Each structure stands twice: as C-alpha cells, then as structure tokens.
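Have a look at the structure that comes next, please.
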C-alpha cells in the first residue's frame, strides 16, 4: 500500500541526525536492554495474547481519517514497530528506528481509545511508549519534543521559563487583575494554604491571561490558595512522552515536593490533560507513589466543586450554543465527563452533544506529545483527524457555535482542525466561559 | 493401525493432556512470577470488582460498543468460541471415552446438535480465514502463524466431522482427528492460542485500571 | 550567633493586637513571626504601587513599590524582596542592599542566619549574590541554587555554552556546569542539578547527566567513575567529607558513597538521605516496595510502612530518635522510630525534638484550626494561625506563637502542661 506523500516529505533533524549516529550494534544492545530490563509480563502477555484480529482499527482516528489505511491502525503500528524489534531480537536498521520513532511519536496520541475496542484490553499506548523509550535511549526523537524534554530537564518546566520569569509573570498578572478586582492577590509561597494552583509552561509564556482568569476565580470563590515562586510550578511533562522516564520522574518529584513544602492539602491544576495523566497516573508511579502523595484536582473537578458549593454564582448564562469535547486524559483517564457536563450546563444555556462522546469521544490528534513534535508534522496531524472534523461538523449542523475543549493540547489541536477544515467554531476553555459568566465584585 | 490407535489414545493422549494442563499452569505461573519480579505494581492496582466488571461486559454478547459495531463478527465469534469449547467436552463419544477410561460420565449433546455445532466451528474458521484475507486491516497484521493456528483449531473439527459421518476412510480420519485434537491441546499454552489463558488477566487488568484508577468504562 | 538562652522564657504571655492593622492598611498579607516570637510582621499595602512591612504595628521607615517573600532570618532579622524604581533588591530590617538588580528571588539563609543569598538576574544574565555582593561572573541561565553550611559560599547550576531553542544536539554535548562562588567548573554536562557544598567549603558535589541516559555525581567538576540509571541529590558525610547520594542500578535505588554502593539493600525509591548530628548514622526515606513508604536507618527499613507519603525526617539532638511525617489513606500522621501516633491530621509540620530528645512536638492542622501536639497529646487550644513550637534550652518550657481572634500571642508554656 502506497504511503501518503506528505509522510515522505517530512524532514526532522531530531530523527535524521539521531539515526545517522546509530550503529546496528548499539541498536541491538539498546533494544534488548530495554525489553529485558524494563518490560515484563505485560508486554509478553500483550504480544502472546493478540490474535491479530484488527478490531482495534476503528477505534483509531488516524485509521478512520486515512481511509482505513491499515498502516495507521493501532495494531498496524505495533506490527511496524515493536513486533519487528521482538521478532528480529533487536537486529533492525537505523532507518527502521527512524521510522519506528516517527510512528510511535507522531502517529499515535496514546489516547487509549483502542484499549476500549480490543476484546482483550491490550494497552497499545503502553507499547507505543516502549517504542518511544527505546528511541529515546537511542537518541532518535523528533526535534521539537526533544527540545521540550530538554527544557524540562533544565528548568523543570516545558517552555524554558527561567527562574525569575516565573514569579515576575505572576506579579505582572496580579497587577493586571487588580485593575479589575483591586483586592485581588496571587499569593506566592504561602505556606499552609489549602490549594496550590499549578499550570503548564505555555501559560506564563504565551497565555498569561489564563493565570489572570484563574486568579479572579480563586479570589471570588474565596479559596485559600498559593502558587510557588520556585521551580516545581509546572505540572506538564513532555519527558513522559519522549520516553525519558528519568526526567519525567525528576519533574514530577519537583512538582509534588513543592506542594509538600508549601504544606497544601491539594494541588488544583489548570485545564490540561497530559499534565493530569503525568501527575495522576504515570509520573507518580515511576517514583513509587501508588496514588499521588498530594491530592490532585483537575480544573473540571474544581469548577464542579465551587459551582456546586455555591462559591461562584453565575450572573448570566452563556447564550451561544456550545458543544463539549472530552479529552482522553481526563475522561478515559479520570472519568470527569459527567462533571464537565455539570459545569457546562451550569454556565451555558444550551449544550449540544457531539457523537461519539464521553469515553468514546474521538481524540484531538494533538495529545500524546504529537503536537509537541512541531511544525514538520502539523499537516499530517490535521490530515489524520478528518474524522474529528466530521464529528464537529455534525455538532455544528445541530447548532453548536462554540467548542469547549478543557485541555491545552486538545485546544491547540482542535484550533488547527477548525481552521483547516473551515469549521468556523469558536474554541474556548471552560475557564474562559466561567470567567465571562460568573458574578464578580463590582 | 490398531497399535497406532492404542498409542495415540494411550501414551500420546496422556502426553497431550499433561502438556496442555501442565503447560497452561506453567505459562500462568511464569506470568505471575514475572509480574512479581518486575511489575509488582500491577498487583496493587488489581481490583476484583472492576476486573470482573470488565470481563463480564466482554463475555456478554453485544455488551460493548465494538461488538455492536460488528454484529456479524460478534455473532460468529461467540458461536465459534462456545461451540469450540462445548462440543468436545459434551460430545457423546468423548463422554463415553472418559467413562471407559475413568468411570467418569456426564451429560452429553444429542449427536445431531453436536454435528451442527461442529459445522458452526468449521464455518466460523472459514469466516475468520476469509476475513483475514479480504479485510485489509486484518490482512496487514496477518502472518503465517495466524493461518497455522486457525488450521490447528479447525483440524480436529473437520476430521471429527468426516470421521463421524464415515463417508470414506473412517479409520484414517479417526486417527487424524485424535492427532489433531491432541495437537490443538498442546498448542494452546505454546502458541497465541494462549489468549485462552491470558485474556482473563489482560482484561481484568485493563478493567481494574479503567475502573479503579481512571473511573471510566472500558467497553 | 542565635543564643536562645537569651530569649524571654519567663513572661507567660505577650500579646499584639492585629485587628487594627486591617483598618490601617488597604490589605495585610499573611504574617511572619520572628524565631524568638517577639516580632510579628506582614507585608501591607498602603496605596496603589506602595507597599510596606508592618512589624509589631510599626511600618518600616520607607515604603516600596512592591514587596514579596517576607522571611525572618534565623538570627531574627527581617528580610523581604523589594522593588524601587523598577529595580529589585533585598531589604533587611527595612534597609535595602546597596546593590540593585533587574530581578532577585529565592532567598537563602545560612543556619546561623548571618549570611543571606539570593538568585539574581541582570540584563538577562544570571548569578548569585551573597549579602548584597553579586558574583563577578554571570551566566546565560542558572538553576538549583545552594548556600554552604557556614553560609560563606554560594553555588548554582549554570549554562556556559549558549544554545538556541531547538539545538538539541549541541545541548546533548553539554552546555551546563556548576559554579562555586561564581567560578564555573571546566567540565561540561548535559544537566547539572541539586548540589551540596562541603562543610569545609572546599568541595562542591552535584547531580549530573552525562548524555541522555547516564547519570552520576560530579565533585569539583570530576564525575564519579561509575554511572547510574539515575541519581538524586548528594550530601556530604560530616565525618570524612565523602559524598553520599542515592543511585539507581537496574531499576532499583541504593546509596553510594564516592561512587561505590554502601547499602546492601535496594529499594523501589530512596531519597532525602541524611546523617545524624554526630555523623554516625545515615537514614533515608525509602519505598521498600511500590507504594509502601518508610525510613531506612543504615540500610534497614522500618517494618511499619505508609501507603502515601513519608517526609520531613528529623533526628533528635543525640541522634537516637527519628521522627517524621507520614500520610496514610489521606490522613497525616507522626511517626517516631517507626511507631505511629494515634492522632491523625489534615496537615502536619516538621516535628521538633526537645534538647534531651525525650519530647517531640509539632504544629498540626485539624479541620482548618491549628494546634500543637506533643507526644501524641493535643494542646487544648485551637488557633487561627500557629508557628512551629520551640523548646527552651533546658527543655522545661515551650515557646508557642499563635494568632487567636485577631491577636498575636507569644506564650511560654511549661512542657509538662503539654505532655500532661
């Protein structure tokens, strides 16, 4: 089967230079040391149990969007990567590794929808992560996301935000917000507060208004909250997605120990999906914490609680009909779909469901580190999610004008789809609407 | 021919059952030991409630979204697996063999029904074979081993069917039936037919993670 | 030196009314209390862009445009990061350092409180400043700041080769190193993280990454011969100046001294190793198994484990007892030598030993009210705010600093009253 043209055109120095430096000997040793040293019964059971039935295919938005090209079915990606490495006992070429890295890093969002379609519950996202781990150990990772992992390693945040830039940004946002609410504070380093609010690197870098809005919500809701002035403020984690587990662990440790140092009872985090996965489900495990050592509350659950407790009052509901996207990491990853509907209905006049929804919603095609692999893959990412555009078109046909995407990656990925397919939807975070419709002091 | 029959129903049958049961236990135990050695965290997430919840959904016809998406395949798969397991256990001539050897006997299927169920297994195997060849997403991930295990599973039913009807070469097909039946038993723990052993565990683990940790459905 | 003998251990109660502060100022931020309890201070807002610090009701002489990170030094001096005319510096008891900077943050105090260091940014170049004097050298980026035990040396991880975003291969060749008092090592590493300065000030040890996956400890720029799957922060052995750090081998953590494994047991996790005051015993927070946390003393874990978290380990002054905080099923607990107190809390603070090591006290939070617990017995008083208890030198009395109904209260309570 011929491959779509744009795949062959992609040039990525992270993959090219990385693969040039490989020897077959190094590849073989690395693959076998990862497979032998870091995998166990799970991988073995998954490989021995899979009966190659292909039933996972229709779970995958890549497969569906690419006219059922079997190269893009979940099991098809497994075949092209880990099966081959296992079958050849690691004796594969640098060219193969380059291709495997591209498949695992840019053709799978690790959204785990396929795990719900496999009769045996085989976790293909896990297998793709093993491939990424091997490629990381071989130094063959797409350039943009590798750079992000390096940022994590140096600064403990995703965006190379330096030590001074972080508190400076918070102080700037505090001042801005004081124009609206003169008594508003963003309390830095307040030991013993109830809540530490944590965000992802892009917020201080490009989306400081989100910190502003969060500060307004926290102040109006009367939450005893704080933000750290040190590193450890960023909950995001692209190292988790490059297979750099050690950096992932380091970043998560910094995050949790910052919360522990501040003696907060819980961490409330912004509307990010992958960060939630890394804090709630993955990074904590690498460090030995069965559950997060400090309770982690995603923004959706937080809004749900403050609305339910009446800490925030809605002055006038949002009138434009909205539709709601269910991000994988907080819906398949945390079951927050009913809470997000509660929040949406409290704030908005009309919610028009897209189909499929809840656990079965289609992925945004940006998550799992795919959008972080950067511009070289943008076109492929958009082409590989035609099915999402169709799903959104249907919701629009029923009247939806605003698309709520309560996750940063989803937000950015859907923005690209919105633009490319000409959907004409306005994309918002839940927080954008909450900030707009809530009762604020005069 | 008689000596051969004695051999394949005697020592070889013993060997087949020992390999099947011993092999399955070995594979199961090896898996648990490996989990204990390298992925102990799995035990700490295993949940009886959510494991069973998941298994129950996936052994109930049409209880999952994907089953509803593929109604024909779902019907075939369930019939195939039910007949595959039930027919040999409750076939009258098999029950008689158990009775003769061990003085153990249980309810058996009427011959006509058993014959029909055999046809279902054979038809199911043909359906899977065709699906493997004509569905691009299945063809793409198909290797020789997939055809071989399908053949291993179909063979005892095809030969049994031919032997039962005694249309021709009865003795030959009888011997072949016994041999292929033994072959299938032995193949279960040592090929990807081991999904019979592993799948309750992979299912229960995914169910536990989805239910206990992620508070979501996995069907 | 801080001589706590000189503190007032006699007056049973001293009160400062705080409620009128809120009337006087536009806002009053969360207060800080001096170690001896004689002073309570808070950042207050006077007007738009005009802040001050209020200490016992009196403001500093001069206001500032912005003030943050108000902290008492262990010797009782009050510090804050302040800005004037768009420049930042540290004010100590209201007097700003002469040197001004584009930005400063991360104030560090030496244990005796005499020395104060901050991280500095000037013209997008970074360095540390000690007592107002910045390093001569500046760097393109700087992380992981350290102040030596005697407070005379500062160190940080610094970037010595500039990289642009996206230059991943240049980054992987090594662009970082560590600098002690501004002097960078010659060696380059992919990453340099947490570091420790030896008690005599001659050595600097840091966690380093040599490539994408080999980790080790570097001491004065020289990496240990052995590499590991990962490492955590090093500490110095006070007895022989050797460096001890957690290292990961084949997926399990153990402790290494100068590169060689010293504990015969490996753990799922191991960190926060520390020596007893006499330097003879070495403890660490460990997870013997996934999801089970405890403390290992000289390599042997306590039998009692906790499912969520263990933190804030502290030795008694004689080194014979160890107290720590533990979290189990969502509740915080205090454990001493592996036995657990029956009271549980919403939050607990680092336990404090009496000088003889016999009594253990801690600040705890229950239902949003603070109190003191000593030897598993709760103090009768519940407070709106409270600071860590301090034992008198003879251990007979406890200094308790609280806020109750808008009034700050410095109390001296007989230890016997708290132990019951």
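Worth a mention:
Should a chain be cited, it is by its letter among A, B and C, assigned in written order, with residues numbered from 1 in that chain.
Definition applied: contacts are C-beta pairs under 8 Å (C-beta built on N, C-alpha and C of every residue); 3 or more make two chains touch, one makes a residue touch a chain.
All of these numbers come straight from a predicted model, not from anything done at the bench.
Of the two chain pairs examined here, A-B and B-C, the one linked by more C-beta pairs in contact is A-B. Among the remaining chains, C is positioned farthest from chain B, on the basis of C-alpha centroids. Taking each chain's centre as the mean of its C-alpha atoms, chain A lies 32 Å from chain C. The mean-CA centres of chain A and chain B are about 39 angstrom from one another, to the nearest whole unit.
Rounded to whole angstrom, the centroid-to-centroid distance between chain B and chain C, based on C-alpha atoms, equals 61 Å. Residues of chain C found to touch two or more other chains are 290-291.
Counting partners per residue, chain B has 41, 44 as the residues that reach two or more other chains. Residue numbers of chain A whose C-beta contacts span two or more other chains: 285, 290. Interface residues of chain B facing chain C in the complex, by the touch rule stated above, are 40-41, 44. Residues of chain B touching chain A in their complex: 31-32, 34-35, 37-39, 41-42, 44-45, 54, 58, 64-66, 69-70, 73, 135-143, 146, 149, 192, 194-195, 198-199, 201-203, 205-207, 210, 213-219. Chain C contributes residues 289-291 to its touches with chain B in the complex.
Residues 26-27, 29-30, 66, 68-69, 102-106, 119, 121, 126, 141-143, 159, 165-169, 171-172, 176, 190-191, 193, 209, 212-213, 215, 229-230, 248, 250-251, 268-269, 271, 287, 290-291, 293, 307-309, 311, 327, 330, 346-347, 349, 365 of chain C are the ones touching chain A in the complex. Those residues of chain A lying in contact with chain B across their complex are 1, 39-42, 44-46, 48-55, 57-59, 63, 68, 70-71, 73, 75-76, 78-79, 115-117, 119-123, 281, 285, 290, 331-335, 359-360.
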